[in-house]
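The letters A, B, C, D and E name the chains in turn, as written, and every chain counts its residues from 1.
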């Protein structure tokens, strides 16, 4: 079900013939697809198919052995992860990668780091510009906190939060960078239905309100089918299908490789 | 210009002129390296098996040999002395497990490291209290059948000098390392120990008895400490300043890799030879005693290429 | 179903405090019958993980403490045992968040699971093959360091590791986390098979309520550190609140994730 | 009842970002500062200054520097003694070359020189991590020790390579050198420490502090969200070393006053300071000073306790007992609260807040 | 100072230098105890001495100093170079004289710049010059030093570094070649490469400025590497039984300087045995009776007592630190005085003056015969004419650090 009120545009990111191997393990072989502006793309596939590796290639943590990534029209073989992030790509992680010693608020503020510029002498003195900058960004961070409804845990160290809330904070941190492309690795793992509903709502809102392009990996087919505009299916490092949720659902090789006996 | 000459051409000339001396230096470096490896081995064991960087290893070494020598000096036989020292070290491991380690399961490495710092203080005070920090003790080398003579090997008209003590240390180190390496790679307990080092909680959850594991490892490390202490003690005298020797182990450890028993030997040999060659051929040109930092710089250079040390387990970086 | 016998595990009025100040479980009591599959349900932070850890004695390593109540296994109090003794008695936990031994290979990980077993190499290797049968992917990866395997592979390793102990009772904390749909089914099938064929008892903390209630005999719902509802799985499945808040069904029909109302108030059993 | 934050609402983010959002904390702090200024000036004895206050302030500042590097940025360093030496020798050189230069400026220069070395030493940290890095920082420690041992110039050609604190004035008051009154030295130290602590506090709650903590908690994730690891780590090395350099210079110029290179040896500098931050609390500004106070004061208390209690033991036995107690206490504290004294203090406050309810 | 003469004793029976430290402490205590029992104190005044353990750590030493100073300390006697340095600038402020007997800062010998610091009976520099004179004589005349090689191995610290300058200066003067090797604290128990280099260079004489475990190790290494023991001479801090026993018979022939005779043979020793240990030789031995460093402690206590006596005779009871300084400055150890003290043969006459705080005492050489130390030389005079100007220059440089002005009441 493609919504009509948003404009899916040109390709924001193109993955061209990317291959990646670790010794004997071929994590990705010759994968190509594109992520279009403003869309929600789901990447699915069985365990070990190479989904997370794909995201890692996109944001520069892994370097593809072959192939290239074209982002906003610029092709690259290798780029520092920090630079990718500064170019408007942010992400969440499959194994939660929050800064455990910091509070929720600080974690989200860290997401805004790339947007802050005062040098450390100003920061040390803290009066004037640095303080204003800090407050301005604090306001933005609070907006995100409100949006994700995590006001109550603003000052809690994230290490103490239950799994589901940590996921939410992680999303907050990624959103704080005001990304153009948001990569989500299993954002709904470990959540119950109610929480998944919340999470879906956040994702959809981000997509609709800020027009953020989203690529997400998810194993819950219900979620994938409901919220994504397009689905890419990986299996053993290969792309085996690419299309609208309904097309993919009907695809026999996808059923064989991944869905198994459909539960729906 | 003079300086350039003395650090570039001169060492080469010296080596060519007097190759036997060079050989001597290499051999001496190897011997020294073995002595360092022995110290490093204790650290490596405990780290590998529990993820604890044991700052107290140096003190344990002194305690072990102090205990041995004290018993011997009191007129008991050497065998009894060795036995008592071993029992003492095993008892110590039980105590350490109960008091220090058990309440600290699942704490981050740095916290455990700190705990061993506290332990080091305690043991030093305790050791001085029991054995008397102020009396000087001498390792009974004859009773232990450790030769103290130099072996002279004639070669190309000049001669090479080897110390029996160093050779003995070499043999001990080789035996220890071979046994321990096998133990870790091939046995169930070895595997369990590596598991403990990775994740205390998960190890608990699969039923690995953390407590006995720790006692085993610390006891073994205690025995290694005893051997090390005897070797180092024999080459000078036994008192608490021997604790400083621990500093020699650090570069060896990182060069070989914290987690590798064979790495300790290789690291020791590289550091030993590198240090001696550098000191003998470059030391004076640079100002002398460059050994002080050279070992660390050498290790640093190696680490730039292999951040986990030569044989260390690869540091897993994933998201 | 296989639920026969009396209560294998009795949790009585357990209270847990973290860090001496954070009260998390506020008197939780329930029973797990021998040979049963019991599901523990509840939202994030309800205290499911904490409950399981309290049972398997892993709390102390997280600076948590059982301050009140008792835990009995086979009629014996076990809250003072070490986890190692508990495993020897046949209770093993699969921890939330995988917890593989990163530097060990997948196979070594599995073998550590058999640490407490004394029935010989042959038996152990037979079970190893069995695990590989369950999870063929692991066989391909047996020589990879666990730290380098994918999230799902790690989850399988953690599960397989627990199976290697041949336990009488397994505490499963979110077994389906990060697994592909057909694997999730498979895992629950394994659970059922072990339960029926070998009489293994399960206590299951699971977010996938749907699956959990399908396979479990009995369920407890935990909210804010208290049990707020319990009942036969079938009954719970029919409960309106459960349907709405845990199964995502409104008036019997699954609603689309797209149509979730904004600013909906979350149901709380306790004010 | 006294310690309640009920009714204290923050209407602006600015108010929420204050140093002491809770009013009671603020009052307590100002009262404490006032006490720190007034009490020693009027009642300070040499013993108080020499044995307690100078070391706590001087070493505390070094601990703060190390805490920035290790506690906030997660880079364990054992090279503290080296940086202290660099600070101290730089100060000595500059002040003997330019005797009339204001000492506050010299402190800044000493810090900057130390920071420069810090950056150099920090370079490998991009690749080398954890204990490996810790050990490589020893290279810095030993190299600096070696250099100051070998250079005659650094100590103005003293045969034993000692450096000392020359008499210096600040705004017309004699504040340095053996003849300077204890309270003058103390006030200068307190001033420097207070200002630098405030700066540190500002840094760690701002962007740069968050980058440090992000790198500490999970460097890969930090990099993936756009934090440049090299720059961040180097900035921690630079700023940490700056603090250690100033702290070292202060420690030597105000407290030790005449030292040979041995004073910077690892067992009397790097390790104790590392212990301070570990006991005080990694990643806590207050912790650095609490740790310094603990490490400095505990032995002093123990030694005074025995005679006070009328127990008569040989002084070296006291020393043995002191070692054992000291080690035992470290272990004990870690068991009770691994996050250090600062965290213990916080828990205490939390308990106080909930009082009379236990949780 | 109300009920006696208060002598704080900074001792180290713990820490890395504990073996030596406790011997010294035992010696000091033994002497004070003896004169307390025998004479009831000094000139009828009670001596109160208090040990304060500082483990050779300067900060602990400072704690001791500050704590005990309130009780009326009359002298600081730290037996640690680090602590001595720390106390040097404090002495004039607190008006407590420092006695660093045969250690500390050589330049302190110039009492005009450093009125509060004493290092009699002789300083490192004087000793070093005596070393050169001694080996020169042994080689058959100072002229024979020309072209010879002399090496120094030293503990890398302010202490070890002190004599280098003097050896270098004398090298220029007498034409010998001089090289030195530093032993950093962490290599005290190793020293292999240094000895390899030494043996390779093969100097005609090796001197050592060591302390603690560095000493026995060096002696052992010399043996292992085949350096002839009879050409190896240590400073007086490297000449205790501790330093030779580990190498045992192999150390035979090793020599060390000293400023008092080894062994316990003098009247004063007998009195100590009698009064302190009740003639119980076993008990005495347990307290290191007769060991070199023990004797050093005794000698040190004896000189302190002498200073006290001078002060009391001059100023009467209740003396102050300043008066004590006067007392020290007027020590005149003549043969008669030594005899009165029961120390004939134990020490050698020397005289302290206002400008000369080292007394310019001569140096004796002792040799390890495999079991004990025996005297093998006459008292060797230092080269005053060379050393004194250097000391004065060094004192001036050091004094410049604190903008000191020179004392003008010395003649």
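What we mean here is this: contacts are C-beta pairs under 8 Å (C-beta built on N, C-alpha and C of every residue); 3 or more make two chains touch, one makes a residue touch a chain.
Predicted model, so just to flag it, every value in this text is computed and none were measured.
The set of chains in contact with subunit B as well as subunit C comprises A, D. Between the CA-based centres of subunit C and subunit E the separation comes to 74 Å, rounded to the whole angstrom.
For the pair subunit D and subunit E, the distance between C-alpha centroids works out to 37 Å.
Once the centre of each chain is set as its mean CA position, subunit A and subunit D turn out to be 41 Å apart.
Residue positions 145-146, 220-221, 224, 316, 319-320, 323 of subunit D are each in touch with at least two other chains.
Taken residue by residue, subunit B touches two or more other chains at 128, 133-134, 247, 288-289, 292, 318-319, whereas all remaining positions touch fewer. Residues of subunit E in contact with two or more other chains: 13-14, 22, 156, 182, 184-185.
Chains touching one another form the pairs A-B, A-C, A-D, B-C, B-D, B-E, C-D, D-E.
In the complex of the two chains, the subunit D residues touching subunit E come out as 45-47, 50-51, 55, 145-146, 149, 156-167, 177-179, 256-263, 265, 268, 299-300, 303-304, 314-316, 318-320, 323.
Contacts from subunit B toward subunit D in the complex involve residues 53, 99-100, 103-104, 107-111, 113-115, 117-126, 128-129, 133-134, 247, 250-251, 253-254, 258, 287-290, 292-293, 296-297, 299-300, 303-304, 307-309, 315, 317-319. In the complex of the two chains, the subunit D residues touching subunit A come out as 13-14, 17, 199-200, 202-203, 206-208, 210-211, 213-214, 216-218, 220-229, 235, 239, 283.
Considering their complex, residues 1, 22, 25, 45-48, 52-53, 94-95, 160-165, 186, 189-198, 200-201, 204, 219-223, 226-227, 258-261, 263 of subunit A touch subunit C. Of all the residues in subunit D, the ones that touch subunit C in their complex are 347, 350-351, 354, 359.
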